[in-house]
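The data blocks that follow each hold one structure.
Next come two complexes built around chain A: one with chain B, the other with chain C.
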Partner chain A sequence: MMQDDPFPAAERILLEIDAVFRKDPKLKEFDIVPVTANHNKSPVLHVEHCLGLESWCVRHVYCYTYHRIMDARQLRSRREDPAMLARLLSGALLINPDVTTFWNMRRELLQAGRLDMQGELHFIAVLLSRKPKCTEAFAHRKWVVRRLLLAGADKDALLEEELQVSRYAADRYPNNYHAWSHRMWCLANLAPATSAILHKEWAASEAWVSSHVSDHSGMQYRQFLLDRLLELKHSVSEDIVDTGRKSIQQLLSHSQNEDNVDFVQSALIKSVGLIASELLLNTDLILRFAGHEALWCHRRYLLVSFKKILNCRTDMNGTGGCRYSSSICVTRSRCAEKLSEAVSSGHVNTENAPLERDQKLSSQELGALDRDLCHLQGAMMWHEAKLISGCQPDELHQQRLAKQHRKWLSHVLKLDVPAVA
Partner chain B sequence: MVKLYALSVLYKGTNNAIWLKSAYDLSAFGFFQRGSVQEFMAFVSKTIVERTQTAARQSVKEGEYMCHVYVRGDNLGGVLISDHDYPHRVSHTLITKVLDDFALSVPAALWPVGSEATISFPQLYTYLAKYQNPREADAMTKIQEELDETKIILHNTIEAVLERGEKLDDLVAKSEGLSMQSKAFYKTARKTNSCCTFG
Partner chain C sequence: MATLMKDIILSSSHPKELLLQKHADFISSYGVNKDEYEYCMTEYLRMSGVYWGLTAMELIGNLERINKQEILEFIKLCQDDAGGIGASVGHDPHLLYTLSAVQILSMYDALDIVNVDRLVQYVKSLQQPDGSFCGDKWGEVDTRFSFCAVACLSLLGKLEEIDVEKAVEFVVSCMNFDGGFGSRPGSESHAGLIYCCLGMLSITGHLHYVDADLLGWWLCERQLPSGGLNGRPEKLPDVCYSWWVLASLRILGRLHWIRRESLVTFVLACQDPETGGFSDRPGDLPDPFHTIFGLAALSLLGEPAIKPVNPTYCMPQHVVDRLGLRPQKLTL
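Right after this comes the complex of A and B.
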């Protein structure tokens, strides 16, 4: 490209960008502003905590920084001044953050203590405002967070900041897989062992998913949360249990079975309740926002989880006396085992019974549990059939998705969809 | 994302349309883009109302956006710009409701001579904020039922709405409502969307 373009203004522009980062800790956005002509004034704009770079200079600044950086990399002995190198890297990364070499050089500077770790987090956050799904930026961020953790930084403050940044990036780019997997990583590595944060995230993600109905990645995050909540050894919050109980009742009340089952098995209230409430939410969203495949995919995940719980129960009991389960092909996946452990620990292992604290199930109660599960499965299938038939005939795409769902139920889940009058 | 970006009320005169009142929610856009985005939404609203027949409804897809328009029998027009996830039916319900309200609070004599500055209709912003959640429209069942009997024309691009021989690029270049910066913005966006070239 323009290898011999010295562009004397570049250094000044880089200094200005650096100064903005230094003097404005609340800086939140960076963008390139398209302009038609060079008006012979500074191309660096700084308004309301937003940094802008006029488009005419982008090409020159990038070429300049790129060549200076590459020269510095090749001639390691004659090192650039570290402060200068940091400025060059900032400028180059803001314009094009997808170059791993730049990030690696940044890491070297951080390791040598030439750059501040907190400042680096701020820089990445600003950069993500223009390129919200930049993998390199998220990878670098993880690296910085890990180092801060090793240095004994405050975990809670870090977690809060990371959650905020990943939400911001997810808001700015649809299906932002990188932002959501960063969030999962943060929950796994930074969150305390208590369930409080999971509950908070679960509630927040409900609101998010309801307003982003075609976002596969946002829903995948919700599935991640659901799994974590199901695995949880501690009991879940009263709110969730309550909603769960109500949802189960609602699910059952819609079934063709008239006798309403009074749910007493507390072991199931949590897991089945969680999935039931999520299914009802999903139903509502599918009917309200027609034709979004993401919602139907999420539904499949829920139904698979639901069936795992039902399966591991009948499998464990060995009776299989349920009339609905006769056609179920039982495969004990690892997850199912885990769940069966959780469900059964009440009567198998009272030492560390997490779910039913003081309950030991007799065979009679076990029978009741099986009956309840049968009812539930029947109700669930009835609910599916209602949903499939409830799709508006004029929405062609929705019809297609519903048809696929019916096929999936019978071929993959191996359950028959009852006819709805 | 389920999002409403712009809601405007216009009057369709014999030769051109005039803006009577507009409301925007551009928080989803970057700070430096907002100005241009707003100018473009205003420009598109006007262009579309001018090319919609009296007493007709249309929905136009353009990139990531949906543009819904309704021009009433008395030439009062409403335009709602949303994203693809926002239910179309609710959009048209909302336009109908807003235009009804507007007709009640602003006398018809003012429409042909009105402008953003002279017409007071602050409710427009309330509507835009409230109906970000489409559940709010559940109560307007009467309008929804009427809508079910109406035909809404769906276009796949904005070019499809334009008259024969018209080009969007030419309209943008000619437009007086768009600043130089917005035109540059439009050109950049066109270039970025058409092919991947750098520099």
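Right after this comes the complex of A and C.
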């Protein structure tokens, strides 16, 4: 039922909002501005590519749009004018973007060609500035992107835009699950099979996590990238290999092990190097920014990944010529082991071996490789012990995290932490 | 400089006793006191709101204060021609609200109010070739919807209508190195989604895929010095995670791994001593969502004044028993 006394200014306000979107393609933000009294002028503000709506009118505009839309749904025979309906939906969703049904109605308008797809992406981006973790907005975005893909849109341009939007949302709300999920989805669905974009993302993400040391979601995205880099069929960039090589040397040079290990020649240089360099970055961040659980969680991931590489060698070796073969990782690979019986393909059991099977190594070379891995494991654990003992005693929270880490190393990873002098 | 930990500090002014009567009053007056704006702002999740309120009322023995006939009429009106159920009259059907409706009808033993055959067809139609479920016809995939689908069908005794093995396969593909689960393969572990995935595996009897020690470890690390639980690293504690984390630990048979006393103190501190109801954190505004999860958590923690709750379905245990359902639980 229509209300007896609808808010008379509502339609004008909706038209003004619509006009701002039309005339300002660079519009980037929307927010509700706290102005409690009606001063008899328009409550729609437009300054420096930002759209504002004065708070006094919000409840009136929302109730008006809500009832009008619900009425339109009931009177299916007498359809609301699509342009009007689109304006009503824009107004309602800017105020309350959680109403799934209203997004569905926008999808219907898009399907019918009554709304423009690019314009829709712009609308969602602006809406996300106020509600950066809105599930429905991201779901709708994916839907629009899928439609554009089917229509043959330029993938590169789409990817570029989506990466920007998800970064923007991640910047505005910490640990933004949906923003980072969206980014992963885009990389999986829009990125070409080449490695260039992965390298670009890897570098950008290093800068991002270094300035967001509490953001576990951002770090988890980095784990996603690392997995992709490790699985990559092509070789990684010279830069990455070089950093990796130096990181391995740095790790080994700090260990108590006197042996001169020539790991740099190994077939595992790419994967071990990637993990080693990430581990050193993580160590640096933990020491510079004390008391951040996200950093310690990320570290676990790196150590588990390293353990997986050791397992991979022991698997290939069969008997396993090294002491570490008895302490096979209990975490992901155990899951994978259990799952591989039931899951024939997909994400779980495709534990891509970092060492390519067609890479022929003589038994002598394999022996050397195993010896190197043993040394490296020793060096890594020494590094862990050093980190734990190096945490300042006056940093209580950091101390707590370090203690938890030691416990995790021995109980979950099942590796002993050596004593450091 | 000492680092600030993301946690809250409980003061002596927060409630320490369970305010049962106030919670019953809070729920029974919740819909009545709302103004038009609040009603329009929240109608999009009304069906779930009703489920939260009713479950809370039943757990504290006050369900008779709710007008059953009105609720049943409402649900009937929310079923779409395609069989799915929407959040409210005039809203589109969705798995989230379809499950809420089925949970309410199970509690009232009134499943025949809706067209069950069509409802089952609706749920079935949302399964994808990879075993996952979309929340509705628009295609968003999430492990939450896998839980909704199997919970819903099992309550109706129709689990065999979908490809359970494929459904399990998808959920298991969302498992991470820390033992947890995310919304899609490769997504970050999240306590709410872990609950959904464990619930799904519990209903279908596939908990053997889970590394219970590893996941239990992660879940216990959600407990902060205040006693409260968060849902991911470096997030603030929130009463709703008291439920998702605890229910998960209960399903894994590792509930005793948590520091019980301090968690009870935290949950009780989240009660509103004036209006009744629970909020996310002490001192915030209460709502039915946090109220049911606060009460259900206390039930799992052994509060005798609250009826036992089933950790898989978040429904009164006696209802799950009446339906003859035995969702799987692990033991240590």
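Everything that follows uses one rule, which is that the second predicted complex is superposed on the first by the 376 of 421 C-alpha atoms of A that agree within 3 Å, B and C clash if a C-alpha of one lies under 4 Å from a C-alpha of the other, contacts with A are read in each partner's own complex, and residues count from 1 in each chain.
As a working rule, a contact is a pair of C-beta atoms (placed from the backbone, for glycine too) under 8 Å apart; a residue touches a chain by one contact, two chains touch by 3 or more.
Just so you know, these numbers come straight off a predicted model, no measurement behind them.
A.B. asks: Figure out whether A:His212 sits in contact with chain B (first) or chain C (second), or with both, or with neither.
C.D. replies: Touch partner of A:His212: chain B, not chain C.
A.B. asks: Answer with first, second, both or neither: which of chain B and chain C does A:Ser129 touch in the superposed model?
C.D. replies: first
A.B. asks: Touch check for A:Phe224: first (chain B), second (chain C), both, or neither?
C.D. replies: Only chain C; A:Phe224 stays clear of chain B.
A.B. asks: With the two complexes superposed on chain A, say which partner A:Asn175 touches: chain B (first), chain C (second), both, or neither.
C.D. replies: second
A.B. asks: Touching A:Leu45 in the superposition: chain B (first), chain C (second), both, neither?
C.D. replies: first
A.B. asks: Compare chain B and chain C by how many residues of chain A each one touches, and report the one with more.
C.D. replies: After superposing on chain A, more of chain A is contacted by C.
A.B. asks: Regarding the shared-chain residue A:Leu94, is it in contact with chain B (first), chain C (second), both, or neither?
C.D. replies: Touch status of A:Leu94: no partner.
A.B. asks: With the two complexes superposed on chain A, say which partner A:Ala385 touches: chain B (first), chain C (second), both, or neither.
C.D. replies: Touch partners of A:Ala385: none, neither chain B nor chain C.
A.B. asks: Tell me the contact category for A:Val412 with respect to chain B and chain C: first, second, both or neither.
C.D. replies: In the superposition, A:Val412 contacts chain C only.
A.B. asks: Now for A:Ala290: first (chain B), second (chain C), both, or neither, which partner does it touch?
C.D. replies: A:Ala290: touches chain B and chain C.
A.B. asks: Does any part of chain A touch chain B in one structure and chain C in the other, and if so which residues?
C.D. replies: Shared contact residues on chain A: 59, 62, 214-215, 290, 292.
A.B. asks: Using the touch definition up top, name the residues of chain A that touch chain B in the complex.
C.D. replies: Within the complex, chain A touches chain B at residues 1, 29, 31, 33-36, 45, 47-48, 50, 52, 55, 59, 62, 129-130, 171-172, 174, 210-215, 288-290, 292.
A.B. asks: Residues of chain B touching chain A in their complex?
C.D. replies: Those in contact with chain A are residues 1-3, 28, 30-33, 84-85, 87, 132-135, 180-181, 183-185, 187-188, 199.
A.B. asks: Can you name the residues of chain A that touch chain C in the complex?
C.D. replies: 59, 62-63, 66-67, 70, 73-74, 96, 98-101, 103-104, 107, 139, 142-143, 146, 175, 177, 180-181, 184-185, 188, 214-217, 220, 224, 227, 290-294, 297, 300-301, 304-305, 330-332, 334-335, 338-339, 342-343, 346-348, 394-398, 404, 408, 411-412
A.B. asks: In the complex, go through chain C and note every residue touching chain A.
C.D. replies: 2-6, 36-37, 40-41, 44-45, 86-87, 90-92, 94, 130, 136, 138-140, 165, 168-169, 172-173, 175-179, 182-188, 190, 208-209, 211, 214, 217, 221, 232-235
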